[in-house]
Amino acid sequence: MTKNVLATGLIWLMAALVSGVFVWLLSDILIHGLPQLSWAFLAEAPENSGRSGGIGPIIVSTLLILLVAMVTAAPLGLATAVLLSEFTRYDSIFGRLVRRSLDVLAGVPSIVFGLFGNAFFCIYLGLGFSILSGGLTLACMVLPILIRTAEEGLQAAPNDYRLAAAALGMPRSAALVHLLLPSAAPALLAGLMLGVGRAMAETAALIFTSGYVDRLPNSLLDSGRALSVHIYDLSMNVAGGDANAYSSALVLILLLFIINTIAMSLAKQWLYRRVVSI
Amino acid sequence: MNEIEPVDKTRMNESYTLGPLQAGPPCCDPEPLIRVDNLTLHYRKKPALENVSLDIYKGCITALIGPSGCGKTSFLSVLNRMTDMIPDCRVSGKVHFNGKDLRDPALNVQGLRRDIGMIFQKPVPFPLSIRRNIELPLREHGISKQAELNDITQLVLQDVGLWDEVKGRLESSALALSGGQQQRLCIARALALKPKVLLMDEPCSALDPISSGVVEDLIQRLRGKYTVVIVTHNLAQARRIANYAGFFWIKDQRAGCLIEFGQCKQIFEAPVHELTAAYVSGSRG
Amino acid sequence: KSDESEIEKLVLTGSSTIAPLAAEIGKRFESLHRNVRVDVQTGGSSRGVSDARAGLADIGMASRALKDDEKDLLQFTVALDGISVILNKANPVEALSKQQIIDIYTGKITSWKQVGGNDAPITVVNKAEGRSTLELFLHHFGLKNTEVKPHVIIGDNQQGIKTVVGNPDAIGYVSVGTAEYEASQGAAIKLLPLEGIAASVENVRNRSFPLSRPLNLVTRSEPVGLAKDFIEFAGSPQVNDLIEAQYFVPVPR
Amino acid sequence: MSLSRADRQLLALLRGCALLSAVIVLLILLFLLRESWPVLRQVPLLRFVTDASWHPVDGLYQLTPMLSATLYSTLGAVLLATPLGIASAVFSRYYAPPFLAGLYRRLIELLAGIPSVVYGFWGLITLAPLIGRLHPPGVSLLTGILILTLMILPTVALTVDAALAAVPIAYVRGAAALGLSRWGLISGVALPAARSGIIAGIILAAGRAIGETMGVLMVAGNVVQQPLSLFDSVRTLTANIALEMAYATGEHRAALFVSGLALMLMVLVLVGTAELLFRERRYD
Amino acid sequence: MNEIEPVDKTRMNESYTLGPLQAGPPCCDPEPLIRVDNLTLHYRKKPALENVSLDIYKGCITALIGPSGCGKTSFLSVLNRMTDMIPDCRVSGKVHFNGKDLRDPALNVQGLRRDIGMIFQKPVPFPLSIRRNIELPLREHGISKQAELNDITQLVLQDVGLWDEVKGRLESSALALSGGQQQRLCIARALALKPKVLLMDEPCSALDPISSGVVEDLIQRLRGKYTVVIVTHNLAQARRIANYAGFFWIKDQRAGCLIEFGQCKQIFEAPVHELTAAYVSGSRG
């Protein structure tokens, strides 16, 4: 009983601590970033190395890079997760090998991803500094996150569904699509959100791949500066860039918020249609 | 490789309409549909079944009885290869279905499972609407016309006596049904596929007497057209419906084995083995 | 809208110090030459040098003079940058002699009290190995990096300024122009004179300030065509206002 | 195990995809090896742990201080973020009223997407001076650990939250029927049932902490030394690469790639130990 | 607020050792422990129970019978407030336990659920070891000495006849037990807490006749010391063990209601209501 009270207190305390620190951080960004925020800031191109002007082209580049990363990584990640959890014995050599190499991939520093992406996508595959190179590099980066979360979600799906579907002569793919993936949907979504977050937040890997050019990209093969690179440049490399660095950070967070909201409501509708819960 | 017969509507309709209740135990044509020879089954290192040999006769109802943990569920799992889904489960011995080797690695397992349906002890409705629960496997097996699906859904739900209870809420979640309703839904779902053999693992244990009666009648009406293997703890029920009965037992806390198999009447009225005699007489139904 | 195929692309890679300036020059260059795109990428001076050498970039950027083993390349100075020692504004120390700075950086002086300041331990801020600012600083004071006893090591300029702003007992060295700008914008730092000469853009311009470095564009061979035009443009007085806007000093021409 | 044609096609596709992810890891390793070859060819491996210091320009390649800095900062951050992250997930699943739970989850999701530069920037401007007041210089192992904790906390919280969401409702009801208190249910049933998800989350988070670059670079101080206290300034392997890569040439550059290799080696060792430690008793 | 009595070891030990099998139905002292008055229950808008009033007598076994979906499970859920866990479930009417209002929002629900244990239709072992399954709730309720825990574990496992089957593998997962073993484990787990009332939702439906017999004997031995409310579809069983019986029915496809309640003998031998008469005679056991 006292343990319960203690735990309740502690959990509320920790949650308060966590949200306290984060509210502190967010309000700092808000206070410093809000004054410069305007429609013009969102629409215009940066001027004077970003000290003035806006971040319009940078937002576009960011979204394009994100799109490339997710469109590549999500199917690849989901497929690998399905293979690992549905078609591979948990303790098989193959499964372990893939899992361990994914864990290693998760620990590769982003700057190494950047250098690798530069060497492989930009130079070896001849994509040059481009949104495509950046997106593909990010895809490699978020892959472990997507796979691990999806795999955990699938493993947590009730085994009864697998047995019942098999007993009805349904192929595993059908059980997967109709029963297991929907019941793993919350985990898939959480993984996707984590991946999107990680991709949006990435700096080092993008400096070397998608580049520094702050012009509006004409195609995926153009170089385009991501928001996080812009923030890095303004705060570390450009004297007098702090104010706009804060505003750009604010915009990044807002973008993330919007993406999360859309993803969440889509997922909810989808789940509702499938009547997963009572 | 694919042994599933193409679905043709006439066959479907013809056989969803079951005949009237048949007389009772004394059987039909004693042609073995499934032959099990020296079956042994291990989970990891733990043996669960040892040297089980028996024949399942076509068109007959075979009841399997025995105490908890003696391997009845494991035995059923071998017959439709559900054992494939359990890691570390090793099966040895010979099992033939319709003359074909059931343990052939190259066998089309989905086709097999369509031919040999299974009902579980715990009902497992899918987290979908009631209608989708029945339609999903049908669509998977190539039936996609909505009118046809509707017909089948209504027929099988009527067969299990659920139609009147749920006809107004076919679109609501199957998880909101009561335990008994869920189990009947699962039976309906399996019947919709028109299997040749139906494996039932205590299908009535979650049902009230009325629906249990409904299902029992249903099983009786399956006789002749379908081959049924039923595990039940209800000895009276086994006695009422089965043509053949098999009695499993666990020897020395180790593996389960088949003690006696024979005509239902013989097992219940003139058991050869003393363990069987003790079991069928001593336990309360 | 002009035909895509006519567009010529000029790629510059290298020093992050020069990149913002090069990007601004590039924009002005684009506005004068339709159908030209100037793509500026960062990645550091060494990347600029190696990309220029490998032909991955038309022009490299290096915030230092070429080293001896890089003399196969050509360099064109577009601007100058001074390096100044900075302290936190709250620090009462107003000047340090060359020897004092050497002693502080080699760990012989560890408290501000020893140079007439507060009784507080000195936080020595140094630059990361390989950075041209570091090499210049070491060279000027006759130090070897192995002798320096730093408490904090920084990468870019702004990190140095922010570190000193946040720590009243820190000493560091950064680009004169940006330090002067930040100080004028109210950042809590001050620039120390070096050998009696005030650290200011003015003194870098008139070459009286002893610690300065060139900001260079680098090419593999004698530039031709578009690269030649660009390098000439970047060295012309037409971009002086851009250079000053980035707090660097135009090369007297 | 025999499969239908649809399943076999799916399986082939899946195998291809999984292979691709494995190939990426291999490619990165090969790339690192190729880039570090110039120095690996000349410098005996032992020198990376026996040299006097890290002064690659002068041919000194000691890596151990940075290895231990990476280890300490990762360990510290994981030790702090794990209880906080689990508590966060438990809070939003079992304690917070629905409205607050949604809000809290959104907050955590947002934090997952804040760029590490922003965390670093904030740490440098806000946190480091505070800690500097306790003990100069302020940028230190401790600051690094705290900022890393903030960065990986959302990863832990979100993965654990998803794992808890997947705990079957029957367990919750069964526990309630036994009169288990909320905490009893959580600690006794829900967390054990979500165990493998929690471990996956922690491993993901640890990976992020090890690989984190820009954030630690700004707040950890970057002096190459064995830290003697939490207030000492340290340089992690990643910060080392980011700090010097831009200006490194020749063997210096190659030596930096060796620190990349060392990092991957370290991850490998960590993953191996984690596997041994948490070798799962799987209940299914 | 906390109504749980402090656990003292003597009470524990004393009552784990159950007395010998008691004679049978005729009851004990007719003092109502739980009084249900005009209970109505809705799921969202769907009514599931309407105007149910009955008394549960202390120390007696009360059996609830009726067809699937008539609200028996729902009724049990009200008694230990499991209804709190179902969103959109509205309860009205009066329920008193030991004179205290069971529906009081300020009631200590955990204490209540310790006093009123529940066994579900589908066994729910936790994904822990067999031992941890039993120890977990005990520790939660303040018993932490390992020796004591070991004793209790052994005693309750013996009570449900599981000890011999699992004593060698107490540390292995409870999920690897067979269905019947799982259910007995759940009963053992509930008994370990020594509740005053035990609500059992078809506890034997997953058991084979032998373990079903074991559990039935167990329930009989609980009589007097414990108050048992059991939902069962096995009418013969209800008749053998219950002192009181209640018959639920669904009127017009809508809400379930209580048709008749009384002494078990009377319900089975001289039912007043014609529906009851039809049900107890017409259905096969």
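A few comments on the model shown:
Note that the chains take the letters A, B, C, D and E in the order they are written out, and that residue 1 is the start of every chain.
To be clear about the criterion, contacts are C-beta pairs under 8 Å (C-beta built on N, C-alpha and C of every residue); 3 or more make two chains touch, one makes a residue touch a chain.
The shown structure was predicted, so the numbers you read here are calculated from the model rather than taken from an experiment.
Identification of common neighbours of chain A and chain E yields B, D. Comparing the centres of all chains, each the average of its CA atoms, the largest separation from chain E belongs to C.
Annotation: C-D is the more contact-rich of the chain pairs A-C and C-D, by number of C-beta pairs in contact.
Inter-chain centre distance (chain B to chain E, centres taken as mean C-alpha positions): 30 Å.
Averaged C-alpha coordinates put the centre of chain B at 50 Å from the centre of chain D.
Computed from the mean C-alpha positions, the centre of chain B lies at a distance of 81 Å from the centre of chain C. Rounded to whole angstrom units, the spacing between the C-alpha centres of chain A and chain B is 47. Chain C has residues 16, 43, 155, 159 in contact with two or more other chains. Counting partners per residue, chain B has 84, 110-111, 122, 176 as the residues that reach two or more other chains.
Under the contact definition stated at the top, the residues of chain D that touch 2 or more other chains are 3-4, 181, 184, 218, 242, 245, 284. Taken together, the chain E residues at the contact with chain B in this complex read 43, 65-69, 73, 121-122, 164-165, 176-181, 184, 202, 205-213, 216, 233-237, 240, 253, 279, 283-285.
Of all residues in chain A, only 89-90, 160-171, 174, 178-179, 182-183, 274-278 touch chain B in the complex they form. Taken in their complex, chain E has these residues touching chain D: 80, 82, 85, 110-115, 117-118, 120, 122, 124, 126-128, 132, 136-137, 139-141, 173-176, 186, 189-190, 193.
Residue ranges on chain A touching chain D, taken from their complex, read 1, 3-4, 7-8, 10-12, 14-15, 17-19, 21-23, 25-26, 28-29, 75-77, 79-80, 82-84, 87, 90, 96-98, 100-113, 115-116, 119-120, 140, 143-145, 147-149, 151-153, 155-159, 171-174, 183-184, 186-187, 189-191, 193-194, 196-198, 200-204, 227-228, 231-232, 235-236, 245, 249, 252-253, 256-257, 260. On the side of chain A, the complex with chain C involves touching residues 48-50, 123, 129, 207-208, 211-215, 218, 223, 233, 235-241.
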